[in-house]
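These are the structures in question, set out in turn.
Next come two complexes, and both contain chain A; in the first it sits with chain B, in the second with chain C.
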Partner chain A sequence: QVQKFHISELELSFTQGRWNYEQWGGYDPMSTNNAKPPGVELWAIFDLPLAEIDATWKNLTHTLSGLFCASINFLESSTAFSAPRWGFKLNEGNLRYGALPREAVCTENLTPWLKLLPCRDKAGIASLLYRPSVYKGYYHSQKLKLKSSQSLGIILDQTLTVVLQPNTVSGKQLHSTGGQLQPSWSMEHLFSKKLSGKCLVSKSSRVFVEIEKGIVDNVDKAGSDVSSNNDLFVLSTAPDRSLKELDNLEVQSSSLYEYDVNNYNSDKPLNVGITWKLPLIWSCTRAPYHASRFLMGSGNERGSIAMSFLSTGLDKQLVDSSNDCSIKAVVFQVVPWYVKVYYHSLEVFIDGNSKAISEVVDKIHVTPSEDKLLPGTMEMLLKFPCSMQLATLTLDFDKGFLHIDEYPPDANQGFDIPSALVSFPEFNSSRSYPEADPLFVSPLLENFKEDGVVKSYTEVLLVPLTTPDFSMPYNVITFTCTVLALYFGSLLNALRRRIGEEERGLKKADKRGLIPLLIAKLRGQKVDPSESESTSPASLPRSKLLLKVVFVAVVAIVFHYLSNS
Partner chain B sequence: MEMSKFIVQQMKDLGAEVCYHEFLPHSKHFHPLKFFTSMTNDLAVRPNGTYSNSGTNTIGIIRAPRGDGKEAIVLVTPYNPQRVQANEVLSLALGFSVFSLLSRAAWLSKDIVWLSADSQFGEYTAVSAWLNQYHNPMFVGGVKHEPDGIAEKAEFTDFKRAGTMAAALIFKVGETRNYGDRDSVTMYAEASNGQMPNLDLLNVVHYLAVHRQGFRVNIETISSLLSSAWLRAIAEVIHTLGSILRKINPDWKLDITASDYVEGTANLASSIYNQALGVPTGSHGAFRDYQVDAVSLEFSPTFYIRNENAKSSFLVRGGRLLEGVVRSVNNLLEKFHQSFFLYFLTAPSKFISVGVYMIPFALLVVPLPIVAAALADGGRKKGKSIDASKTKGSADNLQTEGGSWEWLQAARVLLVIQLWAVIVSLLPYYISQIPDGTPIQSSVIWVVLAILTLIVLYAMFGSPYSAGVEWKLLKATMITSISIGLGLMSIINFATAQLGALIVIPMCLFSRPLKAQLGLSFLPRTVLCASNILLAVFGFPPAALLIMKGLSKGSWTVDLGDFWASMEFLWEWSSATYLYLFLVHLPCWLLCIHVLLHPCRQVGSKVKRE
Partner chain C sequence: MICRFNYRHMANTLSLYRTVKRLGIPDERIILMLADDMACNPRNNYPAQVFNNENHQLNLYGDNVEVDYRGYEVTVENFLRVLTGRHESAVPRSKRLLSDEGSHILLYMTGHGGDEFLKFQDNEELQSHDLADAVKQMKEKHRFKELLIMVDTCQAATLFSQLQSPGVLAIGSSMKGENSYSHHLDSDIGVSVVDRFTFHTLAFFEKLNMYSNASLNSLFNSYDPSMLLSTAYYRMDLYKRALNEVPVTNFFGSVMKTIHTDSAYTGFLAAHDAELPLSVGNNILDHVMLQNEASARRSNIEEMNVSFSKFCISFI
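Up next, the complex of A and B:
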């Protein structure tokens, strides 16, 4: 399959929930590599001539949607995917990117993902995946990464990222702004299962526990060595090995404990856990700016997208406070065509002052949207001054109208704008583990070592568009039918009426009716004698008719009354 | 300040995201050019560092644990931090208990925003200031302000948001104790210019309150109608008629009991009145301006507010009600649509939809163009016959041409009067600039200026009588203009148009010159004259206001200041009713007066002259 589509790299992720960049970190390999926007995100680099890529992409989406029981095939249409050049990942135009923010992720997507594993979830680490606890968590993201090259063959890399709420003794969580009071946890508590033995086919199967820099510093302060049992915490099982990460200043920052599942079996299951001896408040390291995106304006006509970068204070530690230093940020954003963004209306505000665009935007690449053909893509390289606290970018847009058959199901919820990706190329979250044994190469650690530019995804936006009343066609049909019936009825009536009768009718029309006559009498006006002569014979049958009608009505009422009682 | 700090601390302990929002009270200001937008623009302007007189809203946001954060539900509890009362504390407690429950809820799919609004300048101001900051933030200036002194506050000053709002619930505990057998909830739903939230929201609240939590649900009524004897008499008659009809056919359920009828009428009257006034009945109006469905709930408990036991059971039931509503909205995939937005409420669970109430209005308005056409046609015929008689004596080309183009004269009169109406409606802007004006002074100035401009305009363009417009043509143009005006108004605010039509249409149709010879006998003519004069008095806005006040309060003191105050009230809330009163109703009334006082001798005298 990979050969058929000539994929050189592919990544597919299914995510539910939002990664909380404030609390779960925004500056470590975990968040930069594994935090994904809600819904489905798919990108692929093809090893094909440019002209054939789009067609291959379409085939690929269909294949994947069949494989993963998801509606990835919606990415097929040209309005759903885009071809970023450098905003997402540097490439030569052979990358395609698409996102479906509304895709609901559930076990039906997990099962095909597990099927790709040699032991499924019967053995090995995957046996931990107790579905209720996985889906009860705050966030879970399953990722599939494929790399193929001539030299290495095909590498399939499957990652499942889960953020769980430990339901420990009290089940009550304490929060405070300085960070979270760390709860104690263990694998059994989290997954309701213990790990017993590895999958027989696998070469190696290991569990890592990372202790972040902040905690390591705390332990150092407490004056003890960072071992599995120190003044601050106790690991329930002694690790097989521990690794230390060194940052670029050759100072130990975080430490990693390694457990080899090989050494455990069903008699001696592995149950990693941590118990805090002292209450500890810890906050993760955050990305230099907290990027968030929101909509402005109201109504069904127009609005604006605003993107704000709020400094997290990280830059103060990292960058010396020289005046002309700057931080780069790359924004990549795809906007569907029915949100017609006016890219010229880009405005930048830094700390409450309007700035000229040329001051802040270093490089910009915009593919304007084309109605029903292309989504708008914007790639921007921004340069912020280091001292900046808050920057805001705004873009105005008009809301477009869709044809009635272009509305998705549940159109009244609104329309999604997929997450934008903000990356900070000057910040790198890669870790280096110099002590690591070259014999025990772990793909996870390799991944951590890889060049990881700090990235964060912004929120998905929901734009309410004008939606027609979908029951309208029914109303229209009934109305038209009524009008047609009236028209044909009157037409038939006119056609089958004879002219002779018409003339007789005209003669009758000359005579004045009974009621106007009565009114005229009541008013005391004199009725023309000539007229009254002519009316009197005519009024007699009329009154008879009236009497008849009244009689019939009375009979009907009486009959009804009797029959009911 | 301590209060909001305390709230923030509590919210933080629940793990919610917290922020403060400072705002300035909305200054009363009338600007004719920004009639519909003035509210939003004024509030966005932040002061330069002076926060002495600003309010502080406290906002807590619970992120839905597994949601995607696209939508949010807003809960609002207004309280006054300057003078906190027991009932406000109870409503805050209710809000907090719901909030803390929701912070542990795993089923949330929409974020929850709890806004404890600082109501020292009024609830509406606080809520609309927050909404404005949420939807139309200003990035220039003001955003950065140095945290002087209040260091711990600084970290909460950056404004936090949570997606598109799906619905909003405003709840508070009323001050008055309710002496009924059950705790009751009063729903307020009318937003500015008669906009209503989706009926489904009201139905959800009503259903959960009545059938699940055993509250009694009320809506606003006009209490004087409830005790009025004549309404009861009508109700009895309708009841007996209905029961007779029911005997004929048991399927016709027309026999409404008299008490139901009276209650329904009182509710309906208040519903129409509130919509027609175009002023929101609570802070939910601010949400409606941003197309968010919102409803205000005012709890009035039966117990004494310091009774601890009763309080906790009330918290449980009120909390369950709110949780139920939040859960219902949360479980909706789409936002509210498909149900009714245009309706009048006759009871908390009964309503009159647009399809029904359109019919009487249409029946009122449809005859107007026909009458106008008939009048214009009749007037021309008369003119032609006169012309014909004239051409017999001496041929006068000018006169014959005038016959067919005579309506232009009437149209000119109409235009002059419309111009006058526009000027009158703009005058308050300049009058309100005068410092230290008491309401009475302002209204006197207004009336005097209005009369002066009318005289000036007549001097410039000629008065309608000097132009020699026949009264029938004048009436025809008047009726045309009023039908256009009513038609337009019915789109903007239906209730105003409906109420206005009830006054204006008889006034227009009845108006005849007092001096006209109609060839009627004495009785009809006096009745016509009397009704003309009566309607003309009724139609004059200040007089109508006075009569309304007299009927509702029983005080018949003539106070011009009241008129100014009520008009100020209307433009402050930028209600379209103000525009209707001055651009449709007033010119129509003036034209009626012109018709009434029409000398009716123009044509005859001209003929004599010739």
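Up next, the complex of A and C:
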């Protein structure tokens, strides 16, 4: 399939939950590589002439939808995907990006993902995945990354990122401004299982526990060595190896404990856990700015999208605060066509003061939206002064109208604007751990070493649009049918009914009654029709009849003209 | 399997899905359509778990569920496309009903319905005429040999009142003017977890395994109107065989004919070990296979199973 679609790189991620950058970090390789926007995100780089890429993308979305039991086929139409040039990844126009923020992620998406692993979930680390634990956590994301090249073949990289909630936090969790109290946990406690050996087909299977430099610093301060059993914490099983991060600049560095699953089996299962001896409050390293996005305005006609960048203080530590220093940020945002953004209304406020666009925006590339054809894509390179505390960007938009068939069944919930991506090209979140054995290079540690630009995804926005009255088609049909029935009924009535006939019939019946009539017939008496009464009023009903016919005909003609024009 | 919005409809469909898988039909032959995500819904206290009984003993969602159409994709249009096979060219195989003239198909629908219609997604209906037309098209295109339609909605029997194609057997949980009721309420989850008709159907199947030959007659006779609080009505005027001769596994399960052979399978290439005794038709898929032998084997299995190919479509 990869060759059929001529894919050179592809990444598909399914995420439920939002990565909490304030509490879980924004500056480490884990959050840079594995924090994904909620729902489905798919991007692919094709090795094809530009004209054929859109058709191939459509077929790709359908194939992936069948493979992963998700509605990825909704990305097929041109209103759902975009082609960024440099805001997402630098490319020559052969990259396509699409996201579905509302896609649910559940066991049926994990099942095919696991089927791509050699031992599925029967052996190895994947056997730990107790579904209720995975889906009960704060965040879970499964990612599939594919790279295809002539020299290396096809490399498939599957990552499952889960942020779990251990239940041992008794009492209240302390949330001081610095961070939160760390809970003790173990594998058995989180997954109800222990790891009993690796998948036999795999080359290597390892479990790592990383202790970030903030905690390592605390341990060092306490005076003890960072081994698996020290004054601050104890690991439930002694690790096979421990690695220290290579960092030339500072003394403190993160530390990594490695467990080789090959050494464990069903008799001696592996249960990695940590118990804190002293209560520890830890906060993670955050990205230089906390990027967040929200909607402004009220009503169903227009509104504004606002994006805010709040300084987290990291920039002060890392960059010299000279007067002309600046921090770059790249913003990439795709907005569906029914939220019609007016890009000329972009306004920038730095620390509350309005600034000219040319001062802050270095480079901007906009593909404006076209109704029912294309979403609006915006790629911006911004330069913020280092001393800035808060920057806000606002964009005005008008809300569009959809055709009645285009509304989803729950139209009153609103429509989603997918997450925007904010990246800071000058900040790098790589971490380098030296490998003892050059033969068994761990792909995870390789990923950590890669130069990863710090990035964060903003929130998904929910925009309520005007919805039509969905009962109108039914109302129109009922109303029209009633009018037609009245028209035909009146017409036929006017043409066919003889006025006075009923009264004559009644009078006849009144005069004789039924039994006397029969008796009279039996006796052979003639029944005398009362003709005299019908002749005199005859002319009056006739003119009335004519008037009625003319009136109805006129109404009919007018109605026909109105309905046809 | 078509599933509609309430938890119990989802539980109905998943129970039947599980039963059918247990009795032997593989996922490739099942098209499961669930209109809403209940298992991983934030309001579900038990994430990734769906129960059909308040004792919570059985997690219907399990570890290996494969949903083919979900959420907004469950529409009348997609349903009719699945039945008639008229898809766009890009639609993958797992979303198509790949049946042929020897197939026995089970179609199970549950949800909210009424006189001659079944509700889809709160804004659409499937009418009995549409269903009858689709079945007629299927018959013209030789897409089934026998079709069993089970409907668990209010006034279910009206949904198949317009059918005319031969070879179709249909059973509904209630007749015109009657409602179908849910079985019991789970006070922990807060909603009813299963409907009566499906509950009794499952009770019947839990006693069976793949090789039992209980007949359709015994299934249909097991429905007791006093327990269902409605009359389960079945329509057999279009079905030519006597019901007591048809085993339920014809529709609900898949019994593979296995031939045990001691000779080596000639499809193997020399790279793998030769001289492996194989039973054709079971557990071959566990082995790692090269592309060409995989296709050779698949065609063999399909030939043998053409008279036993079962398909199961269930919706909510």
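Going forward, the second predicted complex is superposed on the first by the 478 of 565 C-alpha atoms of A that agree within 3 Å, B and C clash if a C-alpha of one lies under 4 Å from a C-alpha of the other, contacts with A are read in each partner's own complex, and residues count from 1 in each chain.
Convention: a contact is a pair of C-beta atoms (placed from the backbone, for glycine too) under 8 Å apart; a residue touches a chain by one contact, two chains touch by 3 or more.
Here the structure is a predicted model, which means the values were calculated and not measured.
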- Message: Just checking: does A:Gly66 make contact with chain B only, chain C only, both, or neither of them? Give me first, second, both or neither.
- Response: second
- Message: So in the superposed three-chain picture, is A:Pro132 touching just chain B, just chain C, both, or none of them (first/second/both/neither)?
- Response: second
- Query: Is A:Thr394 contacted by the first partner chain B, the second partner chain C, both or neither?
  - Reply: first
- With the two structures laid over each other on chain A, which partner does A:Asp410 touch: chain B (first), chain C (second), both, or neither? both
- Counting only touches as set out at the top, which of chain B and chain C does A:Arg18 meet: first, second, both, neither? first
- Of the partners chain B and chain C, which touch A:Leu310 in the superposed model: first, second, both, neither? first
- Item | chain B versus chain C as contact partner of A:Lys122, first or second or both or neither | neither
- Message: Quick one: is A:Lys544 in contact with chain B, with chain C, with both, or with neither? Answer first, second, both or neither.
- Response: neither
- Message: Of the two partners chain B and chain C, which one touches more residues belonging to chain A?
- Response: B
- chain B and chain C footprints on chain A meet at residues 16, 136, 410
- Sort out for me which residues of chain B touch chain A in the complex. 12-15, 63, 65-71, 106, 135-137, 139-144, 155, 158, 161, 163-164, 247-250, 289-291, 333-335, 337-338, 521
- Message: With touch defined as at the start, can you tell me which chain A residues reach chain C in the complex?
- Response: 16, 58-59, 62-63, 65-67, 69-71, 73-74, 76, 103-108, 111-112, 121, 131-132, 134-136, 408-410, 470
- Query: Which positions of chain A touch chain B when the two form their complex?
  - Reply: 16-18, 20, 38-39, 101, 136-139, 165, 173-177, 292, 294-300, 306, 310, 347, 349, 351-354, 389-390, 392, 394, 410-414, 416, 459-464, 467, 469, 471, 524, 557, 560-561, 564-565
- Message: Under the stated contact criterion, what part of chain C meets chain A in this complex?
- Response: 37, 39-41, 46-49, 61-68, 70-73, 88, 90-95, 121-124
